[in-house]
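So that you can tell them apart, the chains are marked A, B, C and D in the order they are listed, and the count of residues begins at 1 in each.
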Amino acid sequence: MSHNTFGHLFRVTTWGESHGPAIGCVIDGCPPRLPLSEADIQPWLDRRRPGQSKFTTQRQEPDQVRILSGVFEGATTGTPIALQIENVDQRSKDYGDIAQRFRPGHADLAYELKYGIRDYRGGGRSSARETASRVAAGAVARRILGAGVVIRGALTQIGPHAIDRTRWDWNATDDNPFFCPDTVTAGDWETYLGEVRKAGSSVGAVIEIVAEGAPPGLGAPIYGKLDADLAAALMGINAVKGVEIGAGFAAAALRGEDNADEMRMQDGEVVFSSNHAGGILGGISTGQPIVARFAVKPTSSIQTPRRSVDRLGNEVEVSTRGRHDPCVGIRAVPVGEAMMACVLADHLLRHRAQNPDAPDRPRLPRN
Amino acid sequence: MSHNTFGHLFRVTTWGESHGPAIGCVIDGCPPRLPLSEADIQPWLDRRRPGQSKFTTQRQEPDQVRILSGVFEGATTGTPIALQIENVDQRSKDYGDIAQRFRPGHADLAYELKYGIRDYRGGGRSSARETASRVAAGAVARRILGAGVVIRGALTQIGPHAIDRTRWDWNATDDNPFFCPDTVTAGDWETYLGEVRKAGSSVGAVIEIVAEGAPPGLGAPIYGKLDADLAAALMGINAVKGVEIGAGFAAAALRGEDNADEMRMQDGEVVFSSNHAGGILGGISTGQPIVARFAVKPTSSIQTPRRSVDRLGNEVEVSTRGRHDPCVGIRAVPVGEAMMACVLADHLLRHRAQNPDAPDRPRLPRN
Amino acid sequence: MSHNTFGHLFRVTTWGESHGPAIGCVIDGCPPRLPLSEADIQPWLDRRRPGQSKFTTQRQEPDQVRILSGVFEGATTGTPIALQIENVDQRSKDYGDIAQRFRPGHADLAYELKYGIRDYRGGGRSSARETASRVAAGAVARRILGAGVVIRGALTQIGPHAIDRTRWDWNATDDNPFFCPDTVTAGDWETYLGEVRKAGSSVGAVIEIVAEGAPPGLGAPIYGKLDADLAAALMGINAVKGVEIGAGFAAAALRGEDNADEMRMQDGEVVFSSNHAGGILGGISTGQPIVARFAVKPTSSIQTPRRSVDRLGNEVEVSTRGRHDPCVGIRAVPVGEAMMACVLADHLLRHRAQNPDAPDRPRLPRN
Amino acid sequence: MSHNTFGHLFRVTTWGESHGPAIGCVIDGCPPRLPLSEADIQPWLDRRRPGQSKFTTQRQEPDQVRILSGVFEGATTGTPIALQIENVDQRSKDYGDIAQRFRPGHADLAYELKYGIRDYRGGGRSSARETASRVAAGAVARRILGAGVVIRGALTQIGPHAIDRTRWDWNATDDNPFFCPDTVTAGDWETYLGEVRKAGSSVGAVIEIVAEGAPPGLGAPIYGKLDADLAAALMGINAVKGVEIGAGFAAAALRGEDNADEMRMQDGEVVFSSNHAGGILGGISTGQPIVARFAVKPTSSIQTPRRSVDRLGNEVEVSTRGRHDPCVGIRAVPVGEAMMACVLADHLLRHRAQNPDAPDRPRLPRN
C-alpha cells in the first residue's frame, strides 16, 4: 500500500476531494469476463450514502456511480475500471471559517505541516467522502470473490454502549439506522445518539466485519499476511484508532489452552470448536469465518468550542458549524465491508498465482 | 508490503527458517555514509535473544549478526545491506512428533493448506525466530532516524495483569526480565508467570511502543498512512491479534470534546494538552510522541493436550514438549520497537522525497 | 511498473479505451505547491493531437484535459491529481468489420488469448489513444523537474530514410509535420510518406529523445537503473520494438578506447569529450544529456489485405478501412518526451529521498 | 523493479559486492513443491563462471551456490529461497590504483556523484559479478516455467563481426567459447578477439535470447507489458546499451504489409508465417517464440590510457591493469537467458492470477 493505491494484484487507486467536481477510483487487475454494471455497484454505495437518517450528515449526495472504462457489453475486460462519482451538494461556505484554523483531532494540522497547502473545503482529501470510492471498489471485489463469500458488517458499540452479543441477528442490521445486529440495543442507541447530536457533540464506535466462505490459504507471509493487510486496510479508514482480529486484545488475557481453537474432522474438512483466531493463523486464512473489528474515534468536527491554533500560529478557539456525522462509525460499516472485500480479492489472486492447486475448503488430506 | 519484503523506500526482505542453517535479511534503500558495523546492531539483537531468563525459551542462540554487503570502511554505501545470523542450537528431534500434527492456534495447519508442504522443524518459516531479522533491520533504521528519535517499548500487561500506569518508569524496563515499566507489577508477574510456566501453559500480553522526536509529516495518505503501515507492521509480528494507536479502542467510548487533543503555541511550536491521537492525525505524524499498542496471544505450543487433526485427516491429540516461551509477548518488545523504527525510516525517506522543505518540528507559521 | 501504473514515487495510473466515454490518469506522489492548471498541460496534448496534418489519423479529438482533483487555487496539494479527457469523435462503425478478425501485427489476437474478451472498437485499451494520458502526465512531470531540465524529441528516420545528423536543428522540429530536426529530409519525407499514405500502407520510424540539464545521481541500481526504467517506459509505448541509450547497438562494434567518454574538469565540473554513454553510467545519470532512441514498427492497420484468422478459428483476409496513422511514429515523439519526463521525475524523487545532499551538477570534489 | 528487487510476484532481491565476503539473492514468491537443490542451479552458474577460456577474466571463482532457506527435503516450500555464493578469488590490490580515479565509461563516477562513497574494489556493487545471482535466480525461474519452455541464448556479433544467420545451429553454442551458433564465425572471432585481448583493449557484442514454448497471454498491459519488462531486465544487465524485440530497429524501415506476421490455423492453433513481432503483440505473448536481442558495449576497463579525473577533481590518465573480460558480452549470454526466465516466470504467475482459464497454446476458438 503506497500513497493512494492499495492492493498488489487487485489494485485500487482513489482520487478526489470532498468539494471538488468529483471523486473516483481506478481498479486494476480485475479478472476479465465478470458481469458488471453500475447496478452492481450502486446498492453498496446507497448503504454508505449520507443523509439517510438524522444520525448521519445531512449533506445530500446521490452518489451515482459511473463506469468509464474496463467494461464492455456488460462484462469486465481485464483492463482498468474507472469509476466516477460526482460531488453534487458542496456547500463550501459552511467551511470558510475553518480555512485558517485547525480542528483538534482532525487532519487539518497534519496536512498543513506535511504539504504546506490543503484544500480545506469539507476536509478536502482527508474527508470521509473518499470512502465512497472504497465502497465502489468493494463492490467489484465482491464480484471476484463470488457469491460463496459473504461479507457482512455490524456496529457493535456506540460510545460506551455495546450490544448484547447473545441477541446477534444479522437480519436486524437492515432494520435500524445503525447497522446494529441487536434490536434492543439499537433502540437505546436511538435515544443516546439523539442526545449527542442535539448537544452538537459526537461519539465513537466499534464495527465488526465478518467474511464467511473465504477459502483457506489467503495471506502472503511474512509481510503480506492477511491479518496485516486487513489491519492496514481498516486502520486506513478515516478516524480508526484500533483493529482486532478474532479474540483481539482479549487474547492477551487468555491462557494457551483456552485460546487454542481445537480441531475435529467433519466430512473430510477441518472444523473448529471456537474461533479465537478470527479465521487467520500465521497470517493465512484457515477457512473459518474471518473476523475483524475496528474502533472509530468520535468525529472531530463538533460544536463545542475547543482550544486550537491557526495557520499563523495564533491561539484560537474552534467550533464547527457545518453538517457532520454525530457518529461517523455508522457509515464506516459498509466501508469496512468494502475494505475486507478488497483485501480478500487481492489475496485470492495472489494465492491463486502461487498455489493454483490449493483446496478451496480446509480439506484433509490435501491430495 | 508484499510477501517477504516490507517498506517502500527503506525495504527489508527477510528469509530463513527456524532450523535452517541461517536466517537473515537484505536491507535496501538505506542512505549512504551512515556509520554502521555489527556492533551497532548486536545490542538490539541481544535484547531479543532467547534464553536470558527462565521466562523465555531455553534455546541458546548467540544471534551473532554478520554484515555481508552494503558497508565499506565502516559506512553504508547506499547499496543493499545483507545481514546474516547463523542458527546454532537447533534440536530438530524436539519437533519430530509434530511433523504430522497441527498444533491448535499455530500456523501449522494454515501452511499445510496453502502450500501443501512445510518445514515443520521449530515452526519453520512461521517461527518467531524470523523476528531476529526484523530487530537487525530496526537497528539500521534507527541509524537513519538519528539520535533525535527515541523509540522505546514496554510490556504493559501479562495475562489479565496490567501495570499501574501511574508508576511508569522507562528506566525500570531494563531492570526486570519483562521490559516492564512498573517495578511493582514486574514482581507480581514473576510469580504469576512462574506458575504458568511450571504448568506447561502460556499467556498473552500487551506491548506499548512509543517513538519520541519523530518529525511531523510522516505518512502517505490515503493508503500508506503512517498508522495503517504501523498497524500492518505490528499485526504482522507473530501471534499479534490487535493493534491500537493512541487511545485505541477506548476512543470508541469517548465524546468528541474529550477525545480532541487541544492545541496551544509554545516557542513557535504547536503543543498539545493530551495525546489521544497517538501522534497521528489523518494518517500523518504531528510531532507528538507516536504511541502504538499491540496484543499478543498466548503461545500455542503448550504441554496441555488439545484436540486436533493430522495431515491425513485423523483426529488426534497434541501437546508440545519442546522449548517454548511461556509468554512470547516478552520478546515481542524489541521486535515491536524494530518495526516502529523501520516504518518511521521508510516514511522519513518517502516524506523527504515529496516534501523536502517540510519542517522537522510542528512549527507555525510554516514559512 | 505493474499493470496500469508506472513509477515508484511519481506514480501514473492510466485508464480508458479508444471508444469509451473518456480516458484519463491519476498522478500520485506529486510534490505540493507546484503551480498547475489545465493551461500547463494542454499545449503538450496539442502537440500529440491527431488530425493536424494529412500524415496522422483524421480522427478529430480536441483532447481537452480537465483537472478533477489534487489542485487547489492553482497549485498542487500533494494529493492525487486526476486528469480526464473526453472521447469525442468515435466512429465505431469504422471498426465493426474487425470485431471478429485479428489484424496481423496488432494486439487483437493477444488480448483475445489473454482475456477472452476485448473492446474491439478502435483497438480498445490497446489503442494509441491511451498515450494522451501519458502526455498529460508528462506535463506534470516537467513541473517537478523544473525549467532547468529541457526534454525534447525528434523523428530521425521514417521507413528507410534517416536524417542527416549534421543538419540537426532543434528549432526545425516545429516547422514540419514530422518533428524532424533536418529540414531537407523533412521535405523528402513529405513526398515519401504521401505515397505510402495513398497506397493505404504504413511505415515505421525512429525517434530520439534528449533530456538536458538533468542532475547526476538519478537511477536506483541494480534493478531500478535509470536506463532500465527508460527502456521499459519507451518499449511500453505502442508499436515500439527497440530502445537504445547513447551509442546503443552501434556500441557493440566499438572498441573500449573509442567508446570511453573521456573526462576533463571545467569550472569545478566534469565535462566529457563525447557521449557514447547517453548520459548514464552504471544505471545512474552523470549530468550529461540523457539520450534515448526508440524504433516504432509500421502501423498494423493497413488497407492491403493480409491473411489472418477470426475468433472462431476460421482463416480469413483482413484489410482495415478506418482512419489510421500512416506512420504512428510521428505522434510518438511527444509521447516519448512524456515518458522521459515521467521517469526522470520519479527518479528525482527517489534520489532525493536517499541522497538529499547529492550535488545537482557533476561537481568534484563532492564536498 | 525498484532498487535491488525485480519482479512483481516472482521477486528477486540481490545483494553483494565484487570483493565482499559473498554475494547472493533472495527469491520470493516461488510456488511450493517444486523439486530444487543446488545441483539444479549449479550448471547454469558454471556456464557464466569466469576463467573458463582466455576470452574471459582470469579471476578464478568456483561460484558454488548454497541454498540457505525455502527448500525442505528437496522441494520448495513457498517461502523465500536464499541463495549464497562466496567470493573466493578477490585480489583487491589489483584495484588499488583506481580507488581515487574514475574509469571512463565505468560506473565509478556515477556512484561517486550519487552516493559520495563507493566500494571501489573490483567495481563493488557495479561489478558484473552481481550477475551470478541473476543466473542463480534464473535457474529457479526455469523450474517454474517447466521443461516445456526452452530458453536459449547466443552471441550473434562481436565487435563489427556478425554471424551468418543461415548457419545458425543451437548445438554449436556449446562447442566454442563464445556461445556462438555459427561455427565458422566462431573461428574468426577466436583470431579477432585474441588480438583485441593482446592489445589490452575490448569490444562490444550483440546477444540474442529466444524462449520457445511460452504460453500466450503473458504480459500486463499497459505498463507491465512483457516487452517492457524484458527491456528493463535486459537493459539492466551491466554494459547493455540497447534492446530489441523481434525485428527491432529494422522494423522502422519496413512497410506495414511486410512487417505483419500473417496467420493461419493448424490443428486448432494459430500459426504465423513470420515472427517480426518477436512473439509479443500489444505487450502480450502470442505463443510464438519470444525473441529479444541486446547490445553490450566494450568493457571500460582497458589498458590503453584514457583521460579522466579523480575524486579531488584533478585531471588524470587512467589505464586498468587488473583481470578483465576483453568482451564482457560473452558471459552476458547466460545472464540474458536468466533475465528472460525470471521475467517469464513472474508474468506466468501474474497471468495465472488474473486469467486462470486462459489457454496455454494459441488455440481458437478459445472456448
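Here, a contact is a pair of C-beta atoms (placed from the backbone, for glycine too) under 8 Å apart; a residue touches a chain by one contact, two chains touch by 3 or more.
Here the structure is a predicted model, which means the values were calculated and not measured.
Superposing the C-alpha atoms of chain A onto those of chain D requires a rotation of 180 degrees, given to the nearest 5. Each chain's centre was taken as the mean of its CA atoms, and the one lying most distant from chain C is B. Centres computed as Cα averages put chain A at a distance of 45 Å from chain D.
Our note on geometry: chain A versus chain B, Cα centroid distance of 25 Å, whole angstroms. Centre-to-centre separation between chain B and chain D, using Cα means, comes to 39 Å.
Touching two or more other chains at once are residues 2-5, 8, 14, 29, 32, 78-79, 114-116, 125, 221, 355 of chain A.
Considering their complex, residues 1-6, 8, 14, 102-116, 125-126, 130, 157-160, 196, 201-206, 216-217, 219-225, 227-236, 238, 240-265, 268, 270, 273, 276-278, 280-287, 295-302, 304, 306-315, 329, 351, 355, 357-359, 362-367 of chain D touch chain C. Of all residues in chain A, only 2-5, 11, 13-17, 20-24, 26, 28-29, 32-33, 68-70, 72, 75-82, 114-119, 124-125 touch chain C in the complex they form.
Contact residues on chain C toward chain B in their complex (touch as defined above): 8-9, 29-32, 78-79, 221, 349-350, 352-356.
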